[in-house]
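A, B, C and D are the chain letters, set down in written order, and residue numbers restart from 1 in every chain.
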């Protein structure tokens, strides 16, 4: 297929590379043009404007936040009204997803946020959470298979996929917070963190979230960030905004947002979002 | 082996039955004697006092709380000073576990709390978390294999096993709280709970805790209780007491304790501890 | 002075009436024109557009939220660039206050949010919290004396006054939450709420916030709302946004925001913001 | 009157001194006998055992916690069964107050916890919160007037006074937490703490709790402790225990307990309970 790809950060570059490997004709655009070099060397075309990447079958966007997406869609040289189906992978607000769906024109819009950190993206092992009209999802299906290990269809309202993504990211933060508190309690009581983690993952908690983040917590391995705390705080704030507009009290969300604020303030913005464990440990003087 | 078993609630009865099936010579005692009938019919002997169940190789206790354990150990006709090795399966305080270890006499004491709800106990699929002197743990090992699928050794200080157990129960409550909040957010946004749960367990959250409690939450299946909320609150209060004495702030623990208080007050003491999900749902008018 | 007044809700109408009483020449504008009738009958002029109310010495705005302020300032017929000094009484975001200051043109801009519920506004007993360049504050001083009992100067950066206002509203919600929790504990223990309130206000807590809101809580008098819960939630969300951008963890803020969400969801948007006490009471089945 | 006084810490010594000044015949007892020296020099008699201080009209106890009270009442040489009316000033659990009432014998028991820090005790400006049978309260009334500025009667069930005391201490911690969060937000936004405090105390928050603790927070004056954090945590844990047994969710209480744990862990046990402000400030890197 002829696919445009906009947004070449850690995640986007890895996904676009897999599209190339799968034999697609890929045109890339990035705000800082130098990030396109590696992909162009690997066979991708370089677009001068976002719009020029949206003239094929699909145009996929993987950007940092609402503002960046609004820029490439509605800004000068933006993709709004282009013939390609817009596939939004970014973690954005429910409100923006609704607007993208409403204003998508003939090309159409599908929300398809993903779960997985950069290594999973590079390995084509992402999980894709997709929502939009059925025919559009059918067209995307083979492409999603090239970048991910499984696709979940959430229904025909695109923003529903974004709500699931925000919920999932909240669940990750909740699991990290819980592990951090339990590890702190155990360590202060003389049980080392590794022993606790082995019992947890060997009994009821044998899921990737506990294996992946458990290892990170054991080693206090928060730099370089796989997913930086300010991006995590952005996502948790999107979840908070959804919670306010939908009328859903979420006390656990409040805790993780406070710990993200704290760890950014005390450790700096380059720390991984799992660094909320440091806020917990330090409050106990570990 | 000659094993005494004290405390025949849902969990204890199932464990004792497995000991009989495995060929051990079992003597049972329970405060309400009628609960011993089924086991006696299956071949167990009935002890007149706790002490009479503690004259063999092991005496296992599976009781509701500190007070009950103190009663059968230090009360009239209690097992303190008896020749059998005391294996404590109850979820008790760190302080009481330390006292049982200090006062255990020649018989010795091992803490061996378990993870698993009644069906797992009946199937011999418990996870046993054990701590105590190595020789004592070695003696228990084959018996633990009769009642559980795996044993974790935590070290030579018995109360360390209790701390791990409390940490694990806290982790369960944290996972339930997180799911309840995420499901509430999703449902208020038009995504049904089952869809969210499928995405979660199909991606990063494919662990028993999410499968087991996710199903309970999907169906609001909180009665009859597999583990009643007041017992859950007791355990979370033991964790809170440990957190105070060890100097570990645990904000997530505060949330689940409040929700347990609320659901007991509003729904009654016969509700399952996973019923904290109701506190979340009702606060959002679901 | 020649004063324009924009925004004639409960608070704005009361303030504008006091300006008339004090002898000022007042021109009023409101989105729903019918709300201007009473003031026009009392001697005010009616402006056709916001801009027409901004041709005198001062133009005061008292509106519901950022969007409304942006509309009357930057929208069609807006006051931006008008000769009058803009005095913003609305509780708005730090970011918007900064923008109003930056874009205020020759007229200038002063932030002057107020503390006090509608009865205080009617009695001219508001507290005015003002920030802006000193000469501008000097010009406003006599007018503030007409509508309030005391003016606090916070410095020359207008948004600082808004930050103090948001902090103050947060403090009110915190006091209400604390009283609600303490009253609930006491009542469940057999001490009636009035007795507790008398001890509190008779000892360390003899301040208006406890007298005013304490009476409201004693009588569960949440309708009609003096300050509606959705406006309270808006303010607390502005505080939350400031906390995120400034890097200030605020766990108590998280609690009151959740309780506001809950009480709006369960009781409806017409309830007073002190209605968060209901969320507390109901969680304890009172 | 002939009054025994047991427990000569900062508070007790000040109260006992006022009783001497008022002309009462005072007999004192303290676990560390050297603390009785100053009062004996001022005219008090020294008792050899607690019981010897309980043979007059009243015996007042002002001790650190439940265990200390249980010791002097039910321990060897304890006052249980003595002829004097027992007046308990200590902040103790509801459960222990109920037990003291039930077991008080002919002497009778009144709970009379006080509000006020050591300077208020020395000045005879305490607030006394008293509960017990009316005749007993009538007998105490003139003595309370010698040590305090006002007495509140809570009813005939002694533990009700303790519940009010715990509620009041919780309210103090809640006010400190709220101020700490608001001051942190303001300071990170460029508004100094003193300015914020002036606005607060000059508007809705003009109560002793904000004046007294506001000054402490402005100056970070947490040592020497007027009321040490471990005692504060003890009181908040008593409130938490009451909340559990009465079925009252108290999320704000959870926050202050966590901050007390944190500040004790990081700053040491000699810090004032208002030091929870440090936990807030440090989480924001102030």
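By definition in this document, a contact is a pair of C-beta atoms (placed from the backbone, for glycine too) under 8 Å apart; a residue touches a chain by one contact, two chains touch by 3 or more.
Protein identities per chain, from UniProt: A, B, C, D = NAD(P)-dependent oxidoreductase.
Quick caveat: nothing in here was measured; it's all calculated off a predicted structure.
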| item | value |
| --- | --- |
| Both-way neighbours, i.e. chains that touch chain B and touch chain A | C, D |
| Interface copy of C-D among A-B, B-C or B-D, judged by whether over half of the contact pairs recur | A-B |
| Distance between the centres, which are taken as Cα means, of chain D and chain A, whole angstrom | 52 |
| Rounded Å distance between chain A and chain C, as computed from the means of their C-alpha atoms | 38 |
| Overlap residues in chain B, where contacts from two or more other chains coincide | 243, 247-251, 255, 258, 261-262, 265, 283-285 |
| In the complex, chain C residues that touch chain B | 251, 258, 261-262, 265-266, 279, 282-285 |
| Residues of chain B defined as touching chain A within the complex | 94, 115, 127, 129, 150, 152, 154-155, 157, 159-160, 163-164, 166-168, 170-172, 174-175, 177-179, 181-182, 184-186, 188-191, 195-196, 198-200, 202-210, 212, 239, 242-243, 246-253, 255, 280, 283-285 |
| Touching residues on chain B, where the partner in the complex is chain D | 233, 237, 240, 243-244, 247-251, 254-255, 257-259, 261-262, 264-265 |
